[in-house]
Amino acid sequence: MIQEQQWLLSLGTFLPLAGVLVMLFIPRKNEVLAKEVGIVTAAATLLVGIYTLTQFDYGQAEKLQFFTTNEWIKPINATFTIGLDGISLPLYILSMVITLLVMVYSWDHIPEPGNAKAFFILMLVLQTGMAGTFIAQDLILFFVFFEVVLLPMYFMIGVWGGENRQYASLKFFLYTMFGSALMLVAFIALYITSKSASFAFADLTAAGANVGRTAAMWIFAGMFIGFAVKVPMFPFHTWLPDAHTQAPTQGSVILAAILLKLGTYGFVRIALPMLPQAAKSWAPVIGVLAVIGIIYGALGCLAQTDMKRLIAFSSVAHMGFVMLGISTLTPLGINAAMFGMVAHGLITGMLFFIAGSVKERYHTLEIKRLSGMLIQMPRLGWILGFCAMASLGLPGLAGFWGEFPAIISSWNPAEVLVANGHEGLYRGLTIVAALGTVLAAAYLLWLYQRTSFGTPNPEFAGDHGHGDGHGDGHSDIHDVGIYEWIAWTPLLIAIVVFGVYPQLMFKVMDPAVTHLFGK
Amino acid sequence: MLVNQFLMLGAVLFCIGVYGVLARKNAVMVLMSIELILNSVNINLLAFDRLNGSIDGNVFALFIIAVAAAEVGVGLAMVLLIYRNRKSIALDELSEMKG
Amino acid sequence: MLLASDVVVAQNVGFGIIAAVMVIFALRVVSSSNVVHAALSLVMVMAGAAALYVLLAAEFVAVTQVLVYIGAVMVLFLFGVMLTRAKLGKEGDLNNKNWGVGIPVAILLLGVMVYALGDGWGRTKIDATGGSVVSTTAISDLIFSPYILPFWGLSFVLLAAVIGAIVLARKD
Amino acid sequence: MLLANEEGAEHAVHAAGWFLEHAWLIPVIPAAAFFLIILFGKRLPKGGSEIGLASMIAALVIAAGTAYQWIDLVGSTEHAEAVITKWVWWQAGDTKFTIGQHIDGLAVMALLLVAFISTLVQIYSTEYVRGDRRYTHFFASLTLFSSGMLTMVLAPNMVQLILGWEIMGLCSFLLIGHWWEELPNAKAALKAFFTVRTGDMGLLVGTAMLFGLFGTFDILDINEMAAAGEWHGSKTLLMAAAVALFIGCIGKSGQFPLHTWLPDAMAGPTPVSSLLHSSTMVVAGVFLVARIYPVFHVGLDINVAGSHYNLIAIIGGITVIVAAALAFVQDDIKKVLAYSTVSQLGYMMMGLGVGAWTAAVFHIFTHAFFKCCLFLAAGSISHTASHHSFDMKKDMGGLWRKLPVTFAAWFVSTLALCGVPFVSGFFSKDEIIDSAHAYDYTTFYVVGIVGAFMTTAYMTRATYLTFFGKARGGAAHFVAGEHEDEGAHDEGHAEAFADEHADVDHQIHAHAHAAHDAHDAHGHDDAHAPAHHGRPLPFAKTDSAWAITLPLLILGFLAIVSGYLNAAPFHIEKFHEWLHSSIGIELPEAPKFEWGNAAPGLALVLAGFLVSLYISKAVYGEGASPLKGLTKRVKVFGAIHTFLVNKLYLDHLYEKVIVRFVAYPLSKAAYWTNQHILDGAVNGVGIAGKKSGQFIYKYVDQGLVDGIVNGSGTAARAAGGELQPVQSGKVSLYGSLLFGAAAVAAIVLVLVNS
Amino acid sequence: MLASLLAFARPDVDYHALAPEIVLAAGLCLVLLLDLFVPDHRRWITGTVAGFVLLGAFIPVATLAVIGGDVRSLFDGRYVIDEFALALKGLFLLAGYVVVLLSSNEMEEGGYHQGEYYVLLLTSVLGMVMMASSRDLISVFVALEFLSIPAYMMAAWRKRDTKSNEAGVKYYLLGVFASAVLLYGMSLLFGLAKSTKLSEIGAAIGDGSKAAAVLGIVFVIVGFAFKVSAVPFHTWAPDTYQGAPTPVTAFLSVASKAAGFTGLVAMVYLAFPMAKDVYQPFMWVLAALTMTVGNLLALKQTNIVRMLAYSSVSQGGFILMPLAVAGTGDAAGPALKAVVVYLLIYAATNLGAFAVIIAVSRTTRSGEISSWGGLFNYAPGLAVMMTIFLASLAGIPPLGGWYAKFGAFRAVVDAGSGWGYTIAVIGAINAVVATAYYITVMREMWMKPAPDGRVSAVKVPSPVVVAIALCGIGTLLMGVLPGSVARFGDLADLTHAFGG
């Protein structure tokens, strides 16, 4: 643990709340000011993040840095312990980046029914919750941050979402609550049965071995449900398509890019290291569910008629790969999972951005009605193509490095799993997961072909999208706008950069992952 | 004399009171039935005092009598109140709110 | 001088009579179709109870019982009956429609109480001759020393009851 | 260099020469060019093609230098070791993923080949797709494609190989679907990508298995360990790995039964076809088998005494025959060539399957030249002579005089393809057939010579239809000298593309021209119209522009001479000499060439030519013949014809049988299924997936899984409703509940506790 | 005679310890007098005074807490001022103060009898304050009646409103039934123990194997179960809460319930701590039923107060949960802390929710949930505060409620028994179900349009604003820094009382 610049993480996490405080005093009518303050706050937060990046000691990425611990809830030995290591760092920064980009995108994309002030406040609160979850090094602190994101996201979907937003938001909320309620019970049981000195991760990890086998299995089950709902893993995934589809673009992006990662992060950070003995019994179950998720998500995609819903289902499949990597319990698999989390965040986030922009232009996302986007909006069309390719795991783009190593590692799972006679199972999983990559190609290309190729649907053919806007009914159709460029370019670049040079991220994550899981 | 003679009598009174409370519709009758129950408690307390040679039961009984009086007063006031508003003191008709 | 055994017999006989009266009139209270009759039956039960208290050497309580219950509470009841303009004669529907529910409930309760009491005190006897009548002094010592606070509180209960009852019951 | 990592590169021990050590630049240059084209291409005077071309030439120069130095190296040392340079790409735990180069004979050969063909194709394209509305994109994709192939070729490990492999897949998608406005093109692109991707599943799993077996991704290590028999796990696992990898190769190299995408891929512009189907994309599968040959050799028991069959040989053999048969019934000249490619790839696979590594790789080499030439020639015909049609029956015939260069190139390439002696194809193909015979794979020997017969036959037919006989359709116009005046035909294009976006009928129009390279070179911009054909070569004024014919000439020349690098009849074994160190495992001696052994094959080639010529003349010629309409009159022939025309019913098998079998039980509504299936499937498996997806989505996901979720909500509310009567509002019932519950609780607890 | 009179020993009274009660009693009389002498239009002053009285009574509580030291045991251990008592006294007084804030406008504008109302309120609070310290049967009984009888009448305070009448009558009758059962149980306990002191009863009853002891324990628990509205003794609560004036409802659902729990805890921990085989299963069933039934019924409600009534029933289940395992393993300590902490947090949250309801219904004039549509648009502040309170009730971090639930779960898990884990899971599921109905209100506020297209802001009287702010701060503070309130939980230690 490196206890330098202890204030840094707290600053990065709570700075958005300061912005919220300021925004509270901005009159609602003054939307521009509200947006400005919001964006400035997010940008400042990101600056802190970048400063964190520069101060991070990459040579010791396996250690918790900027570590600080304070008394918090004395009676239950919960502490305010935060720290950043190689596992947390990418996600921590990603959350900041995504928030800022989403806000920039919101500059001229405030969804119905408006109220930019509230919208931005919710995003800032979300940001605090997300960043906090990734730096928390105490189970209770983690839980609190984990839950903080719940309400803002609920309102984001419920207020600014699509037609069926109330149902979707309710489902999202209740599902997540269900998971976290059981998870909380499991956390407490872990703390008590392990006789840990405190709720700090380090203590719990050290004391985890004290938990009896049966108890460990049950506790893991509780955590499993909590995290699996968030991931979401089959069969706890049904909230996701609804939530994604109905959420406003910004919500979908944040949901896909960060929120889903809270679950997988939980597995990597909490469930596996603290209960290794239960993890090895549960790993096959996770693996099987993950692979079911891959195929199931892909089949779900193939059945969709709505572009956004298709992307949503693709998340189920992609997170399946992440979970498959985790279930191997090998450093390689978990590295792959960590990479997959970030990659999925970038790519699917981008895809949701695109879906949002398409919706804004065509007022529909029905694949049947969309066609020839490449003619009307060549840039948007190509970006969609690029993201589809990235999403289907094309080597050289970020998506590949989440999938491929996961497949490799599932063929060669951890020794303990082999010793338990699960090798055959995992090999079967490898093959099915590989089939998933084929299906991914199928649905993404199908989507791309249907929406972008061909000629524009006559009902939208009135406008060329060359900016002259002479079409009367469809003057909304225009190519990528300036705020969209600003919001998207970093993501697009990141997809390429991480695809070409994955070591950028692996270098940071690997020491931490190896530290946690390598023997 | 067996202490149970008193206790059993108390139990019987208690149950008669319970029956009355449940079966009666007229609010005043319900209040009367409650008095039966309270009396059974007093009998118990005094029987135990006699058995155990303590005095606390006596004190307790006095408190109960006093409280019961207060309760009856309040109860009757309420009965009057509903009677004034509804011209009836049939308790089962008081089901404006349910479900 | 009466012998102890005579006392016991006398007490038993007295108890028998009082108990029978109480039970009968208690049943009257809950079954009478005449409100006033019920109220008068209640008086009989109260009186029986007072007699029992005497039997149990609790004279002060017995006196209080007579004064408070028969003297005050009953009057309240009668006022209540009259103010709510209940018929003085028979009334058809004093019972609820589902009055029958009360019977099994009461029987169940009685069952468990009888079992518990039988189990708890079996044939434990009260030493009928031993001990003396509970002295009022002792009671007052008790009330004003360890139980002073409840007593103090009780006065506020009564105050509140009076104030509240007035507010509720008065026309305005 | 971005990838330069402080851990440093692991260089080969000895200094091997600048080019050999810097061969990794070969793919990097086009890759960089790709980004430049994308970013700046549109602003450049030639729309970015100059960057692409320059990068390819640069790559070619380096490749040539590399080849020179490699030959030098081979000549100077006893055992020329591969020049391997690796950088750690990334690292997870103790698993290192590296990137770099693995330069040996095979790689050098492929590099040179790919760079060379790519360069020619780019030159050709500058003319062929001139004026195209996505000219820049075209060159960008083409350049990236080459980069992908080159990346794959010099990959020192499986991961980089997959990287290149997939980049190619992506670019093939973009290139085949270049004219994506038309539905069939878009669908063909999708199908190509998807089919290949299906095979890639095998590649992914196979790579995972290799990693499990050998603990490394490095090709050199894998080869050494496989040859030495040092792997963790059973022989069966190695076999499984080989099979899995081979599935990937089947998809990529269009082997039976995943070959159906290849003919459809002809929807792309002709230069694309020629690049993809001569030296790059489709040979990637063969290349992979050759690259990690020891794995296959050991895993599939090749050349083990007493074995007469193995998976690779069987698949290759079937492909040879099936594809050749299919080629025979195509009317689209490009499809003939496409099936021909499939068939030739079958030869290569078969060669590898029987242990004739050098011959198979050599066939890659020679095939690249003549097949590329054939494609480009076909493009030249359609571009200049047949109004962008590829239909041999409708728009061609009698063109040989007007297109002398094209014809000459076509002709020599056909000779090479048919395996006529002293032309390149002969040396490679005959070597394969000879080896099959020598190594006791008699079946495949027979397949080989029968294939040779069929090859000759269909090529004779195609040649006859294209260049001889009576000019028909578009060709008739051209032959009649109307080619300067293209107005009549191009009007249609002009109309169609005058306002390309608004034209609602566009799609219908596009359907009608599905068999055309219906790019909008014409009429897209009227200002370009006069100049849209470049200058032809001086000695062939009526032929295509120089940018088209020059490559044809070069390729035609190479189609003749390239075979002499390894001409067994003349005891030239240069090729073997340069490449043999890449095999990685001991193979039996190459058979001695004897004309006697080659004779049956040559006889059949001749027979094929004669029979086909006779039939062609009879069927398609002008004179009356008893054979005309034979397929109509004789039902057996008719049935065979139909069978072949329908591509062996394989598409039907996918789309009708498999799809229905899989989808029917899943779907309750049969007509619903049928409608969707008959409704023009992108491809059968996709539809099946989609149907099952819909089923799962509708019934399992929304019905069951989500149903449980929503159901629990409903149930909770219903339970609430059931409880409401308890809250009756009646005091007496409340009281009953109170006393009753107290009584019950007391009874239960009293009973329990005493 | 005289001798015996002289023999009467004046009890030693620790006036500091009794100061809160004395201040309250004096204040009560002061309000009564004021009511007599203040002209009608100035009657609001009684409310103000009542508020100050409550705050004034809080001062000695605070000083007692600060001084700390030994447990102050009065009247031979029948009246004990320990930390548990002080924590709850503080709770009652502050809750009372908030209720006064909430009542002022309601009472003034409704033309009700303000002076008498505040007298009753203060009386009831005084009863609660006594309950917190009562350690013998008679004190407990008197305190219970002390706090209940004024509450019965307050529930019926809107005299002309038949619903209010009904609320009062139902509350009164069932309350009397319950105290009858309670008394019978007490009489049995007294008979067995020969003493009214809880600690002596505890010693005498032991593990409660006697049938009579079981009966006594069950009846006593039933008596308090009514007070805390545990299912199936909850039936009065929805009707009463809905019918009573809203400030009174707030008072009942928070203070009265807390007082019930205070008594229950005292009985469980002191009068029959060792009879765990008797009270644990009973509590277990009560807790499970209360959580579940309360939630399920709440799901069906359309009236917001009634919904909150069921919600508060179900919250009661969560508070009961730790008591269901209070005798197992090491759970006794955590369970007690959990109850106290839960009560504190719940008080702030629930009072806040009622405060917002009062503020909003002044404008909407409706109790239906559907009338809350669009609140976020025309009164964002209220909507956000209501969201905070509801989310806290649902147990979503970082709002207080999560810590309350956390404590409850922790206690049951700490017991380490199968029963404990089972009820933890039941509780977890119920926490989710509960969210469903809290969220319908949020949905109404945030996502639905205003039913009558209302756009104008809501005017909220300043006392209500203060109340909302106090509750909001409390709710947030206890969620973010639960340590602050958990310290009270830590202090809530009854063990001293065992000895005397």
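Odds and ends about this structure:
Per-chain residue numbering starts at 1, and chain names A, B, C, D and E are given in the order in which the chains are listed.
Here, a residue touches a chain if its C-beta (ideal position, glycine included) is under 8 Å from a C-beta of that chain, and two chains touch if they have at least 3 such contacts.
The structure presented is a predicted model; accordingly, all values stated were derived computationally and were not measured.
Farthest chain from chain B (centres taken as the mean of C-alpha atoms): D. Relative to the centroid of all protein Cα atoms, the closest per-chain Cα centroid is that of A. Across the structure, the highest number of inter-chain C-beta contacts is found for B-C.
Chain centres here are means of the Cα atoms, and by that rule the chain farthest away from chain A is C. If each chain is reduced to the centroid of its CA atoms, chain B and chain D end up 95 Å from each other. Work out the mean CA point of chain A and of chain D, and you get 36 Å between them. If you average the CA atoms of chain C and of chain E, the two centres end up 32 Å from each other. With each centre defined as the average position of its C-alpha atoms, the distance from chain A to chain E rounds to 42 Å.
Those residues of chain D in touch with two or more other chains are numbered 713, 724, 727, 729-733, 735-736, 739, 742, 746, 750, 754. With touch defined as above, residues shared between interfaces to two or more other chains in chain B number as follows: 7, 14, 17-18, 21-25, 27, 30, 47, 51, 56-57, 59, 63, 67, 70-71, 74, 77-79, 81, 91-92, 94-99. Across the assembly, chain C contributes residues 96, 99, 101-102, 105-106, 109, 112-113, 115-117, 119, 121, 147, 150, 154, 157, 161, 164-165, 168 that each touch 2 or more other chains. Of all possible chain pairs, those that touch are A-D, A-E, B-C, B-D, B-E, C-D, C-E, D-E. Of all residues in chain B, only 7, 14, 17, 21, 27, 30, 34, 37-38, 40-41, 44-45, 47-48, 51-52, 54, 56-57, 59-60, 63-64, 67, 70-71, 74-75, 77-79, 81-82, 85-86, 91, 94-99 touch chain E in the complex they form.
Chain D contributes residues 724, 727-732, 735-736, 739 to its touches with chain B in the complex. Chain contact summary for the complex, chain D toward chain C: residues 730, 732-733, 736, 739-740, 742-744, 746-747, 750, 754. By the touch criterion stated above, chain A contacts chain D in their complex at residues 171, 174-175, 234-235, 237-239, 296, 298-304, 330-332, 335-336, 372, 374-376, 389, 392, 394-396, 400-401, 404-405, 407-408, 410-412, 430-431, 434-435, 437-439, 441-443, 445-446, 449, 452-456, 458, 461, 464, 500-503, 506-507, 510, 513-514, 518. Those residues of chain C that touch chain E in the complex are listed here as 112-113, 115-117, 119-121, 135, 137, 140-141, 144-150, 152-154, 156-157, 159-161, 163-165, 167-168, 172.
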